[in-house]
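For clarity, chains are labelled A, B, C, D, E and F in written order, and residue numbers in each chain start from 1.
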Amino acid sequence: MILRIDRHQMELPPPSTPDPAGAAVVQELMGGKFGEMSTFMNYTFQSFNFRLRQGARPFYDLVANIAAEEFGHIELVATTINTMLTGAGEKGDLPKPADMLNPQQFIAGGAAALCQDSNGKPWNGDYITSTGDLVEDLVHNFFLETGARNNKLKVYEMCDHPAARALTGYLLVRGGVHQVAYARAVERLTGADLMKLFPSPRIPTDKIPESKPHLEAGLHTKLYRFSPSDYQEVAAVFNGPHPETGDELVVEDQPPEGFPPFDLPAQEGVFAPDYAPEEISEIARKLRVAAGLPDEPTGVVANNGSGNGSVVDKVKDAVS
Amino acid sequence: MILRIDRHQMELPPPSTPDPAGAAVVQELMGGKFGEMSTFMNYTFQSFNFRLRQGARPFYDLVANIAAEEFGHIELVATTINTMLTGAGEKGDLPKPADMLNPQQFIAGGAAALCQDSNGKPWNGDYITSTGDLVEDLVHNFFLETGARNNKLKVYEMCDHPAARALTGYLLVRGGVHQVAYARAVERLTGADLMKLFPSPRIPTDKIPESKPHLEAGLHTKLYRFSPSDYQEVAAVFNGPHPETGDELVVEDQPPEGFPPFDLPAQEGVFAPDYAPEEISEIARKLRVAAGLPDEPTGVVANNGSGNGSVVDKVKDAVS
Amino acid sequence: MILRIDRHQMELPPPSTPDPAGAAVVQELMGGKFGEMSTFMNYTFQSFNFRLRQGARPFYDLVANIAAEEFGHIELVATTINTMLTGAGEKGDLPKPADMLNPQQFIAGGAAALCQDSNGKPWNGDYITSTGDLVEDLVHNFFLETGARNNKLKVYEMCDHPAARALTGYLLVRGGVHQVAYARAVERLTGADLMKLFPSPRIPTDKIPESKPHLEAGLHTKLYRFSPSDYQEVAAVFNGPHPETGDELVVEDQPPEGFPPFDLPAQEGVFAPDYAPEEISEIARKLRVAAGLPDEPTGVVANNGSGNGSVVDKVKDAVS
Amino acid sequence: MILRIDRHQMELPPPSTPDPAGAAVVQELMGGKFGEMSTFMNYTFQSFNFRLRQGARPFYDLVANIAAEEFGHIELVATTINTMLTGAGEKGDLPKPADMLNPQQFIAGGAAALCQDSNGKPWNGDYITSTGDLVEDLVHNFFLETGARNNKLKVYEMCDHPAARALTGYLLVRGGVHQVAYARAVERLTGADLMKLFPSPRIPTDKIPESKPHLEAGLHTKLYRFSPSDYQEVAAVFNGPHPETGDELVVEDQPPEGFPPFDLPAQEGVFAPDYAPEEISEIARKLRVAAGLPDEPTGVVANNGSGNGSVVDKVKDAVS
Amino acid sequence: MILRIDRHQMELPPPSTPDPAGAAVVQELMGGKFGEMSTFMNYTFQSFNFRLRQGARPFYDLVANIAAEEFGHIELVATTINTMLTGAGEKGDLPKPADMLNPQQFIAGGAAALCQDSNGKPWNGDYITSTGDLVEDLVHNFFLETGARNNKLKVYEMCDHPAARALTGYLLVRGGVHQVAYARAVERLTGADLMKLFPSPRIPTDKIPESKPHLEAGLHTKLYRFSPSDYQEVAAVFNGPHPETGDELVVEDQPPEGFPPFDLPAQEGVFAPDYAPEEISEIARKLRVAAGLPDEPTGVVANNGSGNGSVVDKVKDAVS
Amino acid sequence: MILRIDRHQMELPPPSTPDPAGAAVVQELMGGKFGEMSTFMNYTFQSFNFRLRQGARPFYDLVANIAAEEFGHIELVATTINTMLTGAGEKGDLPKPADMLNPQQFIAGGAAALCQDSNGKPWNGDYITSTGDLVEDLVHNFFLETGARNNKLKVYEMCDHPAARALTGYLLVRGGVHQVAYARAVERLTGADLMKLFPSPRIPTDKIPESKPHLEAGLHTKLYRFSPSDYQEVAAVFNGPHPETGDELVVEDQPPEGFPPFDLPAQEGVFAPDYAPEEISEIARKLRVAAGLPDEPTGVVANNGSGNGSVVDKVKDAVS
């Protein structure tokens, strides 16, 4: 089972100019064959289906633990898309059909992320490979991370919205760590040296400005343990030098500290969360009080309040 | 983000007689339109896409928190399928084509769960409804739980394998809690009384022997908070009397204690985790020692060891 | 728009021995590429999208009118499947997983037809060809009916349940009429003689016992006009001799008289329409009376009553 | 079975400026999860699969009868799309790739509607929920209409083409009636008060100019009986006050009078119905005469003639 | 089995101005229901599944041999798309989201063709009809070629890029030959005269400038035998006069001579074949030498060299 | 383009006892994610989309040439399925629904192979990975072959029909060669030593009796050049010692000699190629003579004649 922590693994920028076409392209990182739904679900199912866990404990722990980090990645991709769409769902101001690539972000969603790829095709369970054969699954995972890195690099190039850039800059670093982890696991089991493939694709992350701060913070060498008690044997696999930088690989015995998310403003034009959201807020306040909770919301968010005024004001609030 | 705890929310029985056809039917609870992938992903995406979280905090907290519990449910369904298939993937002893409904459990998987429904169709992102309109999403969720309950009742009837029965007996109780939670949320926002629909479908859970112990433990009235720090405002929605029993609804400020999973034995006939798994175990042991970890696996499982002997022995081990 | 008449175009037998595996095969005639959903939806979309209707009126009328008959065909296929499944959804008596081909008929449905093919794949809009080019669409329709005839012949051979046999015996005759109609239309427009292809596939319908009564009643030469007022110009296309028998083709200026459907009994084991259906009946009766309607149901069905007793009794009722 | 009447349930405007991108967005109302194919097919399959019809007659009649109205809705959506595309399929004047969202409307279709959603994904049978459990199916239908209303409101906002606006203005009113009908049915069976959810989403229809005339004509309180003889017990369910206006709900014992459709002009650039349509018209005329029918087409359409001249002329003809 | 010859069946123009939106539309000819994947795979599977080959040899040979030509067609469509995208994948110069229709051509591919249709939906095996009934399959194939011709005509109209025009001009001629071949086969078996349907759709190919040279070279009357030794009995079917021109149909006992393909330049912006392709070239050279092969590449291409300079230079190279 | 040779790459056994359920399982090797359609189409599209072919010639040649061999593999899988189904499509003797896993093999096909996987899901273009990045594509291909090998091993275990065993015994050897080829290519480009992964999965092929003769013939070390003139630079990559046996890898400068296929007998019960196939044979004979071809069929097949007698006779013919 899981515990959920209402923090992001990285700090995403607040909403700025809406970019519906760009947000449609970022969908590839959510629901594409090499998107984060795929990494999350591949490792999750592999961990569920893992036989002989005790016997193969370091490998089970590795797969199960990386699965946990990937949940945080689908969260980040969704938030990025939502951020890029904020302002495009304002009352009376929806984008024109000719200016969008994915109309369902507005019709099926409330100016929001979908579980689809950049061509509007839903993610599906066929994107999961979970053969049960440990070496095969690990080689697969290495390749999956390689494909994911390829896709992120391209989305980085195609989308210049600050949220898309921040997202891909971060995910490239974390995906790189997972590539290394799976390469190392394959090496431990077979002796095959996948480390020589790095970086793959052959663009060093330090060329990406948005990756830089994360590299400087050493995030490219750290595998976080996303569990209060379990998956301790990741350290039996994830060690030795990083194939690109030579820095020692490190297991961090806890998750990253995390950042409170921006509370993205209502988009009344698409009824999210309502055509007249202030009524909901008032009901919420009353319920809170009736239940003996504080008058003010107890959640921690990055911005101050989430007023229902104009977009400009909302964004200003968001960035202040 | 999430933390992962290597425990199950309930105690599933160890492997016994393999039941490939039954395991194919249980897939509906994994990848069907009303399966646990659907509940997990619907609430997860709704929480990612939730706008005006501060303003609507009790409702955001409710959806985000139930999403977390649902991860534990896909874990249980996968484990049930894997348990039902254990023994059917033995060397030289795979089931004959005419005796199975879902050959991919053995060809694509290692005698293991797939992200598919009972007709072998992959789950897909189209099963997610996340409109952003709060009332609409909550009504949807209530209905989704109703459909899920319907499916569980039928799988219970069709499958007499102990693991399938134990699973459905438990999930019916927990799904009932979620039905109540969403009904209450709708009532809070609109005054509409969905409570009169209970139970829906109209079979009281207390008629199900495998549900009984959970009812007696009061699990039908408890909403666990699956977070060390967040989602505190679920208590603002989830309170008052249970529509069927009249018992007071309770928010438990932590997850259930959990049960260590059985370590399901290797199935060499499908190379899970290998054709000769003992080699992996030996490599694992060496890695552990080299990394300064104990000689013995550090994981906690329900059975003693996971030897690579005959199925019968393995199961005996498992149940001892 | 349409008016609906609660009659079947043919008389289907009452439920007898349930045949879940057979019912899964009959699904091909519902949701297969050449099933009745395809014929219904192809002609319906072609009629919606028809340009220059006045100029090409006889052809528009033909396509639009045959579309209307096809609705009756999906109704018949659904009823056949439901008939074959009746008795298999009794309380405590659902079929075992190993004895079925399509578990969703019981889990997603209530021992009922699905919008799927015989492999459990949902019908989809890609099966529609509606190019707007009249000659092309008509050639397509001729071919579609040919494929449909092929499929019906095979289902006839594979399924010996009386309902499946009665259904296919009838649909072969009516499908043959549509083949002739589209062949004639193509001939009228281009001179191409598709009549020489008959029968296609090359099995004369009069070899099929279940087709015989319909042939003797002349149904192979009649095109019914399924409209109180419109589609009068079908007669401009559908005339001349039948390519196999030489009989004159006839436009019947009204629909067939129709047969009241059997009221298929409740299947409480799958909650259809409820776990305890007699409560619904009582509510229904009260509502009727309160609204000034008769105490007894006003519907016309083929059987006497629809008691909630044992299957055997129900079927006895049904056939009496 | 059905009878077909060649009239529309409402009056759609004639073609004006073509709007291919907008027409791609309107596809959501055809083939989206909450589109009219879904409402039509959900209720149709539920009626086919309905067990114990006599016992539950008022509910059977309700579902079966609304299904019939929905056929008229897919007809209206298709016509709207075809209207929006008229003029865009002229010889030598097809839209450029960069100006469209759904190229298949021109390549697979003849400047015409497809059985797809706004992302170009085909509708599929998985969008049907037909569980056989009456209460569950009715709750589902209420929710389906809610989602449909949400989608229509958004398409209304995104598309300013007069045909899209007229369509959504009308469908919102009729969809509202169906929401009320299913809410009432649920209330009758369980006592649960779904009426308090209205309107859902929370935008009163009377704010929509294109809905106004229909409201003034009382269409929001009327359930038409789409059958010459059957479904009389809808009146046992559909009665009492309208939840928003308090007006008495009324069962109209016949379908709406209907409006003759515009005969949309040929689009020779996409060969609909031909590259040189006048030849088809001439053949049609001869066939009519040979069959003893009038020289002039017998169909009733909203415009005078359907000449094969320039677009501008055709539209002028259409509106005159 | 097959032998592969690294030549194109026709001469495609070199890259010029990139046209991403147009390239997305051309995808219909690759992965659409009536695209070249469909013709290739339909005939291939029909030939694999052909029973009684000796008895029905002329027909087997016809289908198997045309299948071989179709491989060349998917090759041409892919090359056309790749040509249209060349220059759009340059470092730092990818197209903006709002200027494309199919982002996956850049994200999943390297500015390259996908196995999808113009709406971004993957081709699937459901597009294959292989019933085993010879007459039915041949009628199907005639219709498939008709639909393919319709689609090519429309893509011709919608896309003015020289590569798209050259491609469709050629494929229309070759598709026409296949229409004739299948029509003749049906006539031989049944006497039905499909020849009267020509041309279908009714646009004579000689109106298309890009088809002209191929007509003048007599390609509309020739069926090539794509085998060194087999399929000799195509001549038993493919003979007599061409339905449009009256020219005698001819079996050419060998494939067309073929044209060396352009070596399309690297697109470093999408890492195709690498971010720094010159390193690959150097490795390749060394491998060649080490294996005793010439220092220079042995392949035959239409252009001189494939330098890694600017797009403009590359294209200049290409056309020089 | 390609030339087609009507020979199989290996010798498959003649039909024997029909095995419909087994034939459904073998479909995984046709249309599964790791089936032969996937290997064929992955390499084909990668070769079509290959940029800088001259610069990277040895790698282009390798991928393009292996693609050609894979066509022969889909041919073998189809033939195996057709062989296993022969006899099951006899008049009046089709298998019962409860005895099959894939009814469409009989309804959509004529007791024949489909483009589907073992769960009856059509193959689709999403199974193609063609990124354009050379290293990534080659790593992918290595992994794809690994997954394919896994699937073949399992199908070998599950299916004991002689045709299934012969097929998998052969494909395992050839797939092993492709694994080696791609591993070597990756090593040449990056130095990464994938050879240490062999065999993967870890079952040496020489344990498989049906693989033995092929190993003894040295097929595990040979890469055939499937082209009369091209792809000569495969030799620059495919050389050095085999990772398991140490034997020198060899490029054979021509395709394997090949084996004439069995002419599988008609199956009149599914109209393949007709309900009365002798008529087709007679027409064929006349056409041959009229075209100046021999009276007897010119094709080369493994059996003598293909009479239309009883199954037993046909099989006797086939094996004689």
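One rule holds for everything that comes next: a residue touches a chain if its C-beta (ideal position, glycine included) is under 8 Å from a C-beta of that chain, and two chains touch if they have at least 3 such contacts.
A quick note: this is a predicted structure, and the numbers were derived from the prediction, not measured.
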Subunit C and subunit B - chains in contact with each: D, F
Superposition rotation for subunit B onto subunit E, Cα-based, multiple of 5°: 180
Type of subunit A:subunit F copy interface by residue overlap (half), same or different: same
Centre-to-centre distance between subunit D and subunit B (centres being mean Cα positions), rounded to whole Å: 41
Rounded Å distance, subunit A centre to subunit C centre (Cα mean): 49
Touching two or more other chains - residues of subunit A: 33, 101, 108, 116, 119-122, 126, 129, 131, 133, 135-136, 150, 201-202, 270-271, 274
Every chain pair in contact, whichever chains are involved: A-B, A-D, A-E, A-F, B-C, B-D, B-F, C-D, C-E, C-F, D-E, E-F
Touching residues (chain side subunit A, partner subunit E) in the complex: 19, 21-22, 24-25, 28, 32-34, 99, 101, 117-121, 150-151, 153-155, 157-159, 201-203
Residues of subunit F that touch subunit A when the two form their complex: 33, 121, 126, 129, 131, 133, 135-136, 139-140, 142-143, 146-147, 150, 186, 190-197, 200-202
Touching residues (chain side subunit C, partner subunit B) in the complex: 92, 94-98, 100-104, 106-108, 116, 119-122, 269-271, 274-276
Residue ranges of subunit E touching subunit F (in the complex, touch as defined): 1-9, 31, 37, 41, 44-45, 48-61, 64-65, 67-69, 71-72, 74-75, 78-79, 82, 108-116, 122-126, 128-136, 188-189, 226-233, 235-237, 239, 255-256, 258, 261, 263-267, 270-274, 277-278, 280-281, 283-284, 287-288, 290-293, 297-301, 305-306, 308
